[in-house]
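These are the structures in question, set out in turn.
Here subunit A shows up in two complexes: once beside subunit B, once beside subunit C.
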Partner chain A sequence: MRSIRFGYGISKPRAIDIDSNDLRKSNEILREMPELQTCIGCGSCTASCTAGNLTQFNFRRVHTLVRRGEYMGAYEEMNKCMLCGKCRLVCPRGINTRGLAMLIKRKLGDF
Partner chain B sequence: MTFFAPFTLPFIIGAAVMAAVLVAKYTLWTIHLPAEDKRLIRRNMFSAKSLAAVWEVVRESLLHVRIWRVNPMLGYMHSSLALGWFLLIAIGWIETVAYLGWGWVPLQGHVFFKYFMPVNGIAEHKAGFEFAMDLMLTVVLSGVALAWIKRMRSRLMGMRRTTRHVAFDRIALSALWFVFPLRYVAESITCAIYGGGSFLTGTTGKLLGEHLDSATLDALSEPAWWLYSIALGVFFVAMPFSRYMHIFTEIPLIFLRRYKLAPSVEEKSYDNFEVEACSRCGICIDPCQLQADLGIDDVQSVYFLRDRRYNMLKLATANNCLMCGRCQTQCPVGINLNTLRLNSRAKLRNIPNEGRYGYLAGLDRSTGEGRTGYFAGCMTTLTPRTLAAMNAIFEAAGDDVWRADSDGGVCCGRPLMLSGETAAARKMIDYNTGLFRRHGITRLVTSCPICLKVFREQYDLDGIEVLHHSEYICRMIESGRLHVDRSDELYTYHDPCELGRGCDIYDEPRRAIEAVGRLAEPEHNRRNSLCCGASLANTVIDDKQQRRIAQRMAAELEATGAGTIVTACPLCHKSIERVADCGTMDLAEVVAKNILRDKR
Partner chain C sequence: MKRRVVIVGGGAAGMATALGLESRGVEPVIVERDTEMGGKVRNWHKLFPTFTPASEILDPLRRSIAERNIECRTGVAVETVASDGVTLAGGERMAADAVVMATGFTLFDARRKQEYGYGIYDNVVTSADLEQMMNSGRVRLADGSMPRRIAILHCVGSRDEKVCQSHCSKVCCITGVKQAIELKKMFPEADVFNFYMDIRMFGPGYEELYREAQQSYNIHFVRGRISEASPMINGRIQIKAEDTLTGRPLKMSIDMLVLMVGMRANDDNGLLAASASLDVAPNGFMQSRDPFTGAVRSPREGIFYAGAVTAPKSLADTLAEAALAADAVVDYLNRTQR
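So, the complex of A and B:
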């Protein structure tokens, strides 16, 4: 039996190293979409995700990491998104997640 | 007679510049048309389509029938200017011919005929011509007066907002405002000196003659004709770079459209004809809910086309549109506003990436075959009651159905397309097409109008009939395969944008509802129905704004007094549900609720 993925798991404890995490892009993204600050990390976006249903893509993980300034692989991951818009419908904070998906790709395209 | 006077120079130069620019533009656009479009022109040029186009040019470029339909006041303004001016030129030409015969008269001779021949030998038809010319001048002047009023107070014209302009427009507009009053002044002065003229210029001329001595009149005459000529010249030079480019561009556009040319998901040369045929009449502003409900007033089609034309289009403007199509149904020029917006997005955003969606290969985990394939659509999985209702309906109708996306479906591709990622959308389209073919379906039913539109327009599904579930349900009921009970319950129906304006499906959902209950129509319905605000096409507005749009439209539906709001799109369903006080149901649920099982 395949294990059930709830879209979240227990993460290893981690700290943000300001020396290695360049927050410039993250700040740009937050400036264009300030509502992302209200994300409660509930994982609904990941749970409903069409692409996440087919691959390991985890939208909550990607946007959380991007917000922390960890961009490695984020663009490639984000490119798995089909922009279907389900995540926006389920987000309890009403975050424009579909716009966010496009924004992340636009900002990190050159990474 | 040479028909030359120095004051005609501004006019002659202006007209020459305008003609040169027009010829250059149209030639370049035509040369750059894709081969397919050129083939269409060649194939259709010598057919009845050209005749139909001529007739349409008369109706739309001169009479402006469609504007009359939207707003009679605005219609009068446009046709008085267009038809009035055209008749001034036409009658002027006939007048010259009547007096001078068929010999060649230079352009300025026609235009300034009054100046060159204030008194002429033939008296018989003179009064008639003078009257006709004065009448036309009055009509045009009334149009100009209305244009002034529209600028000052657009509400009087039945419009809430009027368009803001760029520099070239201002120059052309100011010149145009002065052209006809100056002509009136110049002709009146000439009439004052030589007599002639009819109720307008003649009367004014007489008045002037009574109050001014002939030396003053002589001194005024030349400058007045100079000013008239300058106003014309300035207008002609500015015209091809301003909104007035639409005056001529609408004509080739009408022909090309009759030849079946249309914009597509990629920008192409044909788009120029559509973009520059926009008169910036501003009719598209009022229907836009972004304007009416949210006060956003710089993204509407008129501004989008303007920005695109002058190469100052920003992604944020292109993206801030629900693509509800409400403006497109009202546009008197019939511009394909949604498609143009779409291909602008594609131009600004489309990043082909061959490696993308490699994961789609070998994804198909579904099994089974069936005559009918059911593609619920991503959004429908978020409205499980609709899914359950569809299952009940399939079962009751005894249809053998293969579910295309129950076990991890791939998006239809339309959302990517709406965001301008055309190349990426292709991958979804290819994947799903392969899937449908592999399972050998002959009919494809979907519950999502967004999927429906892309299936119909972008997929190559020859041999597979693509139906929205409303069409399917309606057909099942009417062919007697699905037996339903009719109750007295009152429903109201919301036309989803993608289903109604998008796919032209208005009647089937209504027939299905009326098979199970009574139907009350909201104020805006069918082609004029409101958007629910949650459209995938808009990635700019936030949650609160979406909600505000939904509240306004839900209020209209609730005002019908119906107990349940019915819609046929999972996205509309979600967005109405969260703001409406009464119940919200998908069409499938309403029908499934009333299935008569024992009759089968």
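So, the complex of A and C:
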């Protein structure tokens, strides 16, 4: 039966719901790289990122979302990273951001 | 004959100024509105960034005041100030050669931010309440259980024109970090989230403590102000905020909400200022002569300031300023030798 198109749909809530998010992967990532918690959200990693200058890729946003348990699409996003490591050179907190890019891909490959 | 200086306020600023003056041969008299000396620090448990018990700072001050027989008039308010003395409530006049105003600040009343439910729901407490709970040795939820998830909200009554407090209270950022660590030490299994607008770590060791909170204590920092807190059917509290670093709304349920209440100006600053033609800054605090070399001087000769009466200050800043105020008073007394 052909579905009827009413011309509208139902939007999913955009809010990050910490209660319903599964934080296990996020906690695993933080356990392997506790320094990620010292991120002050300055955006240096995104500012220096070659991929971010040419595409919508925003490394700071992706790893912040991962920390909040929002994994959907993170792996695909991280594929835009070319692992050049410039973000690691500029991070004022000394976070191994290049290592983090690989860690996120390793942990979230099945999402 | 010794020259006499009236100090209005018997908190840390007033006591430290009195000790500075006494050691230079001046006779200080402290007038304290409360029935007990010690001011706000009396109700504080531990001090940032070193977790020094507040009593370790306050007790020696109080002891020295007693040992040196410095006159303290407690339980009496000051109604007018002038360079030659003060008038007490009831009309008594106290003559002096100079006056130091060390009247401090007032804690912001969190009930004015009704959206956070302070005084309405259980388990919404202020930073000052938490210090008292820690002083009593028992931090628990209203039903006696231990919190599993705690949110700490910065800037309650600071940087908020809706409640006429546009200034930054300066010390709440580091207090939020300090209390987050203390909570995490008490409840290692609990998750602690700090909701902030900016993190202002201005003092020595503060940034280091912030980093330690993140890295060693696994305390979460979310940049965004909580917009509202509401009670849930299971007795927990649901909070909503924007996680501004991801650009998405965020919600979660928590067991305890700690509001970092700011420092606001005393209500009677205006009256005291009017009695001596002093200036009040737009935020209600007393206006110093200038912020550089005249921080402890009022625009009027013979009236001085010490501590948080002129702006929110940490205890360290307050004690440093008390020494400066004592200096300035002695300098003034020498210039106006009888």
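Note that the second predicted complex is superposed on the first by the 94 of 111 C-alpha atoms of A that agree within 3 Å, B and C clash if a C-alpha of one lies under 4 Å from a C-alpha of the other, contacts with A are read in each partner's own complex, and residues count from 1 in each chain.
Quick note on the criterion: contacts are C-beta pairs under 8 Å (C-beta built on N, C-alpha and C of every residue); 3 or more make two chains touch, one makes a residue touch a chain.
Predicted model, so just to flag it, every value in this text is computed and none were measured.
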Clash or fit, subunit B versus subunit C on superposed subunit A: fit
Touched partner set for A:95, first subunit B, second subunit C, both or neither: first
Subunit B versus subunit C as contact partner of A:83, first or second or both or neither: first
Subunit B versus subunit C as contact partner of A:41, first or second or both or neither: second
Partner chain(s) touched by A:4 [first = subunit B, second = subunit C, both, neither]: neither
Which superposed partner A:30 touches (first subunit B, second subunit C, both, neither): second
Partner chain(s) touched by A:60 [first = subunit B, second = subunit C, both, neither]: second
Least Cα gap, in Å, left between subunit B and subunit C after the two complexes are fitted on chain A: 14
Set of subunit A residues, in rising order, touched by both subunit B and subunit C: 35
Interface residues, subunit C side, partner subunit A - complex: 199, 211, 214-215, 218-220, 223, 240, 243, 245-253
Interfacial residue positions of subunit A with respect to subunit B in the complex: 35, 48, 50, 53-55, 79-80, 82-86, 89-90, 94-96, 98-99, 102, 106, 109
List of subunit B residues in touch with subunit A within their complex: 349, 351, 353, 356-357, 359-360, 363, 378-379, 381-382, 408-411, 413, 415-416, 419, 421, 428, 534, 536, 539-544, 571, 574
In the complex with subunit C, residue positions of subunit A that touch it: 14-19, 30, 34-35, 37-41, 60-61, 64-65, 67-68, 70, 93
